[in-house]
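What follows is a single structure, and I will ask about it in a moment.
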Amino acid sequence: MSRIRLGMVGGGNDAFIGGVHRIASRIDDRFELVAGALSSTPEKSQASGAALGLPRIYDDFKQMAQREARRKDGIDAVIIVTPNHVHYAAAREFLKRGIHVICDKPLTSTLADAKKLVKAAEDSDALFILTHNYTGYPMVRQAREMVANGDIGTIRVVQVEYPQDWLTVEQDFKQAEWRTDPARSGAGGSTGDIGTHAFNLACFITGLEVESLAADLTAFVPGRQVDDNGHVMLRFEGGAKGMLWCSQVAPGNENALRIRIYGDKGGLEWAQEDPNYLWHTPFGEPKRLITRNGAGAGDAAARVSRIPPGHPEGYLEGFANVYTEAADAIMAAKAGQDAPADVLYPTVHDGLKGVQFVSACVKSSARNAAWVKLDH
Amino acid sequence: MSRIRLGMVGGGNDAFIGGVHRIASRIDDRFELVAGALSSTPEKSQASGAALGLPRIYDDFKQMAQREARRKDGIDAVIIVTPNHVHYAAAREFLKRGIHVICDKPLTSTLADAKKLVKAAEDSDALFILTHNYTGYPMVRQAREMVANGDIGTIRVVQVEYPQDWLTVEQDFKQAEWRTDPARSGAGGSTGDIGTHAFNLACFITGLEVESLAADLTAFVPGRQVDDNGHVMLRFEGGAKGMLWCSQVAPGNENALRIRIYGDKGGLEWAQEDPNYLWHTPFGEPKRLITRNGAGAGDAAARVSRIPPGHPEGYLEGFANVYTEAADAIMAAKAGQDAPADVLYPTVHDGLKGVQFVSACVKSSARNAAWVKLDH
Amino acid sequence: MSRIRLGMVGGGNDAFIGGVHRIASRIDDRFELVAGALSSTPEKSQASGAALGLPRIYDDFKQMAQREARRKDGIDAVIIVTPNHVHYAAAREFLKRGIHVICDKPLTSTLADAKKLVKAAEDSDALFILTHNYTGYPMVRQAREMVANGDIGTIRVVQVEYPQDWLTVEQDFKQAEWRTDPARSGAGGSTGDIGTHAFNLACFITGLEVESLAADLTAFVPGRQVDDNGHVMLRFEGGAKGMLWCSQVAPGNENALRIRIYGDKGGLEWAQEDPNYLWHTPFGEPKRLITRNGAGAGDAAARVSRIPPGHPEGYLEGFANVYTEAADAIMAAKAGQDAPADVLYPTVHDGLKGVQFVSACVKSSARNAAWVKLDH
Amino acid sequence: MSRIRLGMVGGGNDAFIGGVHRIASRIDDRFELVAGALSSTPEKSQASGAALGLPRIYDDFKQMAQREARRKDGIDAVIIVTPNHVHYAAAREFLKRGIHVICDKPLTSTLADAKKLVKAAEDSDALFILTHNYTGYPMVRQAREMVANGDIGTIRVVQVEYPQDWLTVEQDFKQAEWRTDPARSGAGGSTGDIGTHAFNLACFITGLEVESLAADLTAFVPGRQVDDNGHVMLRFEGGAKGMLWCSQVAPGNENALRIRIYGDKGGLEWAQEDPNYLWHTPFGEPKRLITRNGAGAGDAAARVSRIPPGHPEGYLEGFANVYTEAADAIMAAKAGQDAPADVLYPTVHDGLKGVQFVSACVKSSARNAAWVKLDH
């Protein structure tokens, strides 16, 4: 099976997430990175590309899109890992040339951009895959499958949270800088950077849509221009209720994304930092600890697991699962076929919902936590 | 040291909490139960009293208050463990006769009763102790001491929750019956029964007052007249923010009271089901696990611990600590002295705040989760 | 129901375990402490007894035994909580006068004494209860019941351990002093003080007898006369194998008694520091977490539980369960009846086995860890 | 930087560990798999190689060694992932042709083979890397660094264990079949397959050598020809003592490798199933939880970490670290230089010690658990 040829926009020397995408794309050997426009200036792009030994290095994403589109052996797909405000402009160039896009979250920095990007994706024959990577964890798949199977009954309550602590004090390194700049990150701070992950995870597992929310956002660190803590109450279509907490000022929390879902027959609990475990709590029976590839785990998890139970898979493997799903979809597309029915990845529409979530949070908070509909 | 003579109102044969209070009062050997009006009818009172071998059994609390007040060896204090709607009427009878009152939470079933009870307590020479028993856990004391010492800096975020699962389905036994009847329990269901504990714990540890709240209450089980799930956003005086979740429909949760407090220097995390552990997370340092009576635990916890670290103390010992604080205060009062400075127990004013919390939750929820001040 | 009248030998002001026994005897209100010979000198005995407000204080245990035996309202039972080398002499005085004995473990400091004490107990009409208190934990009872029910099949492997850290460095306070003096503690150090608990627990839950053992004992702290670390391999009658580790020099371990039992159908895991949880691991199914009084817990645990699941019971409640079993047995004996069939407590024979365990460990270690039979 | 060209011996379609090695070799993009002799028959080799799309497929390892040695673009290194009894014969062919060997553990199935393989490696210019992959986990490196820094003082006690449950009942699939066949696996069953990992880990972290051991091995499943449970007491040079338990019949244990090390100043605890955490327990201070790349983690761990704390790295990343160390060493060798000082991987000598461990266990057990020296 030949490898899918990849380009990368962003992800230069000092960007954390670029390296993650590169490893994730390699793990299952389905992709080959052959081109890049890795930084915001031609000089830095060249330097970063050379450091990686890339065959083809471009000054900027537009140049890359144009030239790769013309090559016979041009890239099949592009990874976009720039700061958020560049996502739309970059994605557009590739989509309109039929090059598949694998894009980091959140979809865009503004709701207007998000809507334009949805249009661009809909108008294109190319696929758009959004790397809400937590959806790739096997036990997240297991949870989704169990909900769909009715194992916990009708969902009533969803508690999801994503606390971190790295912005507890003012930080001035690059990762912190653009993430706390509304012009590049978007109007949401913690809500955009990690709240969107929590929101997406809740919807992905439950299969429910959030109807409206009430948010109380705060910037605790003096001078910070975007929220570093978000308290959000959720109302789901159909009557379930939820709470979402995201924070970057909660000392002792590294990436403590955690979700708990309760239905009228039982509950499910999962934590990103210990991702190989899923608690299932059927009402009136002892709690059960389901492990990745272990007894009690089903097909949806097995499909995206590589190694035996008790040998932990982690963040990179979960991320790699999104890439492998993308590979299956892209290979099908190249063959003019639909993706297999079990291929599952976050779409541009999920991305729009995430930006709507941020926008609704900001709007609600500005109105003293009044309820705001998601598609306001 | 002679034992304090106790009477009990409520707590008959089929009441769970009466037995808890009796054990708690015995653990440190400071009290002796000598009288009771244990049930709502004279017959059941007599039967329950006889089963316990009580020396003096009364038909009702009023009879007990009158007769005990006249005896030379009458009770020094009374425990009130009836359903909530009886608290005020019972407490008043003893307070006005100078008999100290140890009363179960919440203070009353209505805000009007709560205010009258505050007045009655203020007008009396007798003490009023509210058994928010979780304040008695040594590691809760430790947390409070660390906050007061500035170990976590200025508090920004408080996440507190108390999920249970016993009302996931409709229940018809006695404990469930009165707790879901607004006439006896009060307008709050889960908010009154367990939300008040979470609220009290947050205030007790942080030393902060809640300024206002926004609540979204739900009765998920069809036909239930009071909330069985409460989602609440909190704003504290001084700028801290919080979330409170209480639920009786979260399968897999027994009494999962848990609090997490984050300041600008560090955090603290404590869970009632594993009460001998306190996580301290100083920003930029490894997490530390402080254990009861273990290395790193301070005076406030040691003062209320009985046994070495690694030998777990539990719910009954934490409850007993409230009784022992009460004993110290009562003995001081008998001697005409102030209680020692380190004696610490929840007061009638804490009880009023709890009822205000429930009332504010109900009011806010009725107004679509609008913000309501606590002293509305 | 009238209370059982108790005396106490040992347990004076500065003894940790005396206070534990007193609380444990009070929790279920079945006993009343009315007499004591609490220390090794008449002066200290008087002072300690006065501090507790004891009605009758004696100079020594012999005087107490003689005089109480003559009183019409004399003690029904005596608690012996002296250093180990006094157990036999004290117990004998009460047993021969028909006074029931509740005695701390290990049974005696020497094997010769242990055998004489068995004889004395057999010759007496009085009961002998050994406070291997960990047998009183509800989830230990649950584990025993599950083994007996065949839930884990035929037992193959037993891993039991009891590490502590308090003797990591030389200590000179009273508790450390006598426990590291072979004349008072016995030839075993960690093996006698805590290894016996681990050994007893393994036998109690599994219902198996240890046939032989091979032990490698070490005194790591320079100058220490008894072992502070014991490594022991066990062979059970019937073919199961086990390992036992006890240590007082394992930093970070408080009282980390833990047992894991594996059969051909499943396993069980329990840890004393988190005693309300029992893991059941049926082969080929997800792990299950059974909680005290929670779903999946059976009659044997419910019988010795007081409060709902999620409200932790601890060390003192487990200890109290041994006392309450003793109370049931003593009341039956007073009525000239056999104890009810479900009454369960460690006996003088269990105590003999514990001393045999220590003796075998010491003998094996002296022979370079050769296998030694338990009844050598 | 050009990639190192790799061949693979063993690791065909139905072998678990081959796929693990392939992923591990890809994660950091230092290797390229270009040749293989993946199975024991030419037909299966061809089929497996074709399935992987390998450029060069050979009938057997000898053919591969010969032909690759002659090519200008021949492989730089070979991965050997056959059943144990083939390791020596295969490794020899490559070593004698100067091709670096990366070999799965245990080193060989017999002690005689192990000694010959040491000789072959010593006689070769090529490197020999043994994939005791657990040495690649960042927090294992952290533990090793802390021991070397004296953070826990002089080591006294080492408790290491590796229980599994997959052989609780008889199994007839391929993985189980050869692992329980002494002709292919070696005389040790659980001792060889997983006991060697535990043994290696203990030595790797502590820097200590085991002087002698006493082992009680058992085959619990009827008809099994090798041990499925091993109880081993260890004596280290210098006076430390230890216990090692390995089992394949402990239901509920997946790959529960765990090590606890106690010195006179503190302790360390690590568990493979939760590999991003390391407990440090300084005597007399609260326990500290050190996380990968988190506060308190040092250079040795950071050097082999890829992503931020709270994003778990797992088994494959730990395995990849062994590969990346190998890559650094191989690149240095190709340049005629010594490997950088911080490059660290298990060697053929570590492999010999592992086989000596198995041999000593088998010998000791046959002599009723008599002490056997490791270099017997």
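Going by the order they are written in, the chains are A, B, C and D; count residues from 1 in each one.
By definition in this document, a contact is a pair of C-beta atoms (placed from the backbone, for glycine too) under 8 Å apart; a residue touches a chain by one contact, two chains touch by 3 or more.
Protein names from UniProt, one per chain: A, B, C, D = Oxidoreductase.
Since this is a predicted model, take the numbers as computed values, not measurements.
Trainee: More C-beta pairs touching across which pair, A-B or A-C?
Mentor: A-B
Trainee: Identify which chain pair among A-B, A-D or B-C reproduces the interface of C-D, meaning that over half of its contact pairs, matched by residue number, are the same.
Mentor: A-B
Trainee: Counting only Cα atoms for the centres, state how far subunit B is from subunit C in Å.
Mentor: One centre to the other, that is 35 Å.
Trainee: Once you find the CA centre of subunit A and the CA centre of subunit C, what distance in Å lies between them?
Mentor: 55
Trainee: Distance from the CA centroid of subunit A to that of subunit B, rounded to the nearest Å?
Mentor: The computed centroid separation for subunit A versus subunit B comes out at 43 Å.
Trainee: What parts of subunit C, by residue number, touch at least two of the other chains?
Mentor: 253, 287, 291, 294
Trainee: Can you name the residues of subunit B that touch subunit C in the complex?
Mentor: Listed in rising order, the residues of subunit B that touch subunit C are 1, 16, 19-20, 22-23, 26-29, 53, 164, 253-256, 272-276, 291, 294, 306-317.
Trainee: What part of subunit D is in contact with subunit B in the complex they form?
Mentor: 280, 284-291, 294-296
Trainee: Could you please specify the touching residues of subunit D with respect to subunit C in the complex?
Mentor: The touching residues are 152, 156-157, 159, 161, 165, 168-169, 214, 216, 218, 220, 229, 231, 233, 235, 241-243, 245, 247, 249-253, 260, 262-267, 269, 279, 281-283, 287, 368-369, 371.
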